[in-house]
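You will see two complexes here that share subunit A, one where it goes with subunit B and one where it goes with subunit C.
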Partner chain A sequence: MTAERRKTGRITGRMMGREITEHGVTARDLGLIGCAECALVQAESRARCARCGARLRRPDRASLQAVWALLATGIIAYIPANLWPMLVTRSFGRVDESTIIGGAVDLAAHGAWFIAAVVLIASVAIPLCKFAAIAWLATGIARGSVRGLHGRHRLHTLVELIGRWSMIDVFVVAVLAALIQLGFLASVAPGPAAAPFALSVVLTMLAAQRLDARLIWIAADGRAR
Partner chain B sequence: MSDDDLAEPRVERPRRGARLSVAWLLPLIALAIAGGAAWRHYAALGPQITIVLDNAAGLEAGRTAIKYRDVEIGRIESLAFDDDFARVRARARMDGAVRDRLREGALFWVVRPQLTASGVSGLDTLLSGSYLAVDWGAGDGAQADTFAAAPEPPLTPSDTPGRRITLRAQDGGALAPGAPVYFKSIEVGRVETKRLSADGRMIEFDVFVNAPYSDRIDARTRFWNASGVSVALGAQGLRLDVTSLAALLRGGVVFDRFADAAAGPEDTAAFILHATREEAADSRFSENPAAQLRLSVAFDQSVRGLGDGAPVEYRGVQIGVVEAIAFVPGAALNTLQIVATLLIQPERIGVIDTIPESNLAFFQRSVERGLRARLASGSLVTGALYVELVDAPDAPPERLDLDAKPYPRLPSVPSTLDALRGRAEEVLARINKLPVEELLASAIAALDSVAALAADPDLKRAPQELTGALSAARGMLDGLAEADLAGDAARAMAATSSAAAAFENAAAGLPALVRRLNDAAAKAESAIDAYGAGSSLNTEAVAALREMRQAARAISTLAQTLERRPNSLIIGR
Partner chain C sequence: MGARAIAGYDAPMNASDLSAMRPEDLVACPGCDLLHRRRALRPGEVARCARCGAVLETRKPGTVDRVIAASLAMVALVALAVTGPFLTLRELGLERTVSLLDASAALGAGGSPLGVLLLLVIAGLPTARALAHLYVLAPWRLGWGMARGAAAVFRWSSSMRPWAMAEIFMIGVAVSMVKIAGIATISPGPAFWALGGAVAVLAVENAALCRETVWRLIAEGADDR
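Right after this comes the complex of A and B.
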């Protein structure tokens, strides 16, 4: 839905000396900007919100650079997270180190298919999909793509919503390490992969957050700055 | 609020086409960290080595660690067979820090639970699984990447302070690798290996003695074998020594220093392992070649009982040993002499001159003063002999024959031994020659005649004749009485009774005779017993004795009759 299209159609009201059609109007169309914190709509020329004082962020494709940077860092952190052991189990003097995928394979080998699937989905599938999704959204914005705007918007919402669930692995490790400390009999410690994994999840969440959904639509307006 | 109502002027910054966000620093930092970690990983990644083992019992690829002082320095990555399936090759990735230590001589072994005579080890591996331990060895070999695993852990880690020495023994006994080494009953080391010497004549032991006890080892140190139990029966009674349980099972080595021992070359690495403490103590005389003197002695008589190693004594003190006994051609043609070589240690008799010539001169003078060698009996039971040096001042003068071969000849005197032996033999021969059989034969004959006498019908008839004579005499008396010859008759009666008294006297002598015969029989019996049952002599003798006893009984009966009624001889029963 482009800006031109919003000017056509049935007039349903007026605002700031301008006719509002049935296709609605954007703050941008009216030279206004909404505060991301308190949702106050105000003049686009302001630097800070007139009500809450938060910095007003204009939709800017330059912000995509931060998305890309965060995403790249997240992917880099994801590599050691999978190569290094996530969990170090000591039992009767034997030390067992298991990586995320290795642990899932072990679980599957013991017949725990459901848990193996949960681990694989939460720790492997979701992060990988998130990387792909964020990269695709960012590329779409950068190229000014006007296709599948609704789908992309929904994907963005989904990525933001589901991102935190990737931390399930880190939580499991944290809980196990806290619970199973039976000395020589058995003890569990987080492996060196736990930190990069958590970092990767946090960075991708930040990347998703930094991805300004408004840019998806602005691209459709064809006049994104 | 009026200020806020005013639209703030928006400052438009000039736009540059490709402005870089500071956010790009983040992935750069991440890359730097990741790169650093990777670089560190690969830098620490040490060399890959191959350990060749007999079997891979307890080893797991990717899990079994290689440890040095219980710190992990590597891990086995894969296990495979070698080409002919005879051994297992374990590929291991070592820590980079130990790269320089991987040299020839480094020793790997598998640590497993072990139960040995000296204790239990490796119990922790029961739960944690086996691991490979390493000893770097001397560390002066060439760099290597293939190592053969040792079947047993080295008894002494290569960096243990101490000293490794070799012990040589004729017979190792029960001494086995791992046996303890004691110094004044403190365990100070271990026997590491046991092997045959290169020439195959001795047993060699590698022994490691820990510092600081290794400082106790010098040329005056003597080693001896301490089997677990030693029993000594001496003047103090029975003595039982038990060193330790470990020594009981695997033997042990004890060493000590003998202050007066001859000092051999310093820094010697090989010692003799003596069989007993006594031998070790004795060795302090025998090991100094300069203080040894060899003499020879020729003996005329048999040297049976004189063996190699038999002591040479002077006034009861051992001063040497018999080293060899051999035949050498005698002075006369086609004669042989028995010559014993004596190894004399003059130190023992206080001659501490270490110059052989002066020792020889000492013996020369002694021989001129009457020193002689002779055989003496060490034990009457075993017949063992020894060589005794005696002072015989009244012996014909002789000299030490310096030209004799192989060693200077010490004059000998006949031993008292032969005289003693000869006399004993003579006594035995005389006993052998005793005419026992003739004696018995004549005794039997004598007894036979006694028996014949007793059984003689004439003798039995004698009382009857006497009775007849008496009745005749009575008749005569009657006649005489009638002829008033009673007085004469009474005189005749008195004569008769005196005759009876004489008979009685004779009868009284008979029991003594019987007793004597009995004694003789008993004596003969015991003599015959000595000859043993079953011999013909014995049976004959028994028969003779039986007859003798019968004769004695007959005489005894006669004697009793006579005693009871002496006049029965005259007047009949």
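Right after this comes the complex of A and C.
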């Protein structure tokens, strides 16, 4: 408990009817808001930023609903993305369909361990970890958790940074399908999994963007609205 | 410098600290909402949040000239990358050279929107962002004053940053080349090097772009009119 107290901040005083912790004062404490786009600090009551015109988003737990909706849709799209074939290869009249995981297993079987690992990390490990991370962060905010604030904030930054790299596999399919068009010898076409996979990446990127990191800290301030 | 919060950029602790301050003197942390006093930064300095460590503000010397130069290079390199031969595949006397347009057509086969989206994220958005930066900064640099609608244009460019994926595409190309290397000979064309160059220029531009500087210029320009 003492460790948690140090992290969330000892209460050192009161101002405008609110408790002030040893860390200082947040913009929200003073009825101010920092623009997410250009960082200008201004009155919380404004709808748009006085300098750059961006919509001002007050940290609001209601925004978690959008996060959950985007995340759930992203997870649903990820299911066909893995069950359907990503790549359809025709060679000497034979049709071979491979899924994302199947393609990576083939690569590993041919000894291309490093590339197999890149594909598996980008297309399987990152999306799955991202689903879990966003769900965990949203749950923590909804429950008003005050544990591991720095870790959770860092996790959110990481998820926002890394999520887009999952697109690698879609690009691989595009390059292979363009290059390998050798008629009867071999031809490659994108499979039906490409679209739901891309959709899943986009939706979870949006979910991570909509998750407001300030909510993690507001819960810890103990003054959540 | 580095990861530490710089001296003088600390969080005000009490009401008497804050009563004398105007909103312009304050910076709210984009990560955790904590208020900090603004102080003029020396070139190369980075101000970080005293609580969560997120970057509050940077001061990068020569940001306008560097971003203009990088944007011009970007437009030229992406134009080369889209139109020129990207990769050549040789096998059993057969030869096939493809451009990025072919990759887009292959992914868009059967009317899939992915083909258009591919071109958008690897060429369209990087070019549009470069043009947006030129639109905002070049007239000011030439002494013609701030362009009409500069704030909206720069805001759009910032919001599109995660969706420009040329660097991720290049990793996808590398994975494809390794995948094919076992079955056929594959060699990069001029467009490959152009897009590689564009990715390097993008890294330079991101390192040189100081958003606070640009927003300050836009706000001053708007006041002049």
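To be clear about the criterion, the second predicted complex is superposed on the first by the 202 of 225 C-alpha atoms of A that agree within 3 Å, B and C clash if a C-alpha of one lies under 4 Å from a C-alpha of the other, contacts with A are read in each partner's own complex, and residues count from 1 in each chain.
The rule is short, and it goes like this: a contact is a pair of C-beta atoms (placed from the backbone, for glycine too) under 8 Å apart; a residue touches a chain by one contact, two chains touch by 3 or more.
If you're wondering where the values come from, they're calculated on a predicted model, not measured in any experiment.
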Is A:158 touching the first partner subunit B, the second partner subunit C, both, or neither of them? neither
Which partner does A:69 reach: the first (subunit B), the second (subunit C), both, or neither? first
Partner chain(s) touched by A:108 [first = subunit B, second = subunit C, both, neither]: neither
In the overlaid three-chain picture, which partner chain does A:146 touch, first (subunit B) or second (subunit C), both, or neither? neither
One more residue to check, A:124. First (subunit B), second (subunit C), both or neither? neither
In this superposition, which partner touches a larger number of subunit A residues, subunit B or subunit C? C
Is there a shared patch on subunit A that both subunit B and subunit C touch, and which residues make it up? 43
Over in the complex, which subunit A residues touch subunit C? Could you list them? 12-13, 15-16, 20, 22-30, 32-34, 36-43, 51-54, 59, 107, 110, 112, 114-115, 118-119, 149-150, 153, 157, 160, 164-165, 167-182, 185-186, 189-190, 194-195, 198, 205, 209, 213-214, 216-218
The answer for subunit B against subunit A in the complex is residues 4, 7-10, 19-21, 23-27, 29-31, 34, 37, 63, 124, 127-129
Can you list the residues on subunit C that touch subunit A in the complex? 10-15, 18, 23-24, 26-36, 50-54, 56-57, 87, 89, 91-92, 94, 96, 98, 102-107, 109, 112-114, 117-118, 121-122, 151-152, 154-155, 158-159, 162-163, 165, 168-169, 171-173, 175-176, 178-180, 182-183, 186, 211-212, 215, 218-219
Mind listing the subunit A positions that touch subunit B in their complex? 43-47, 50, 62-63, 65-66, 68-70, 72-73, 76-77, 79-80, 92-94, 203
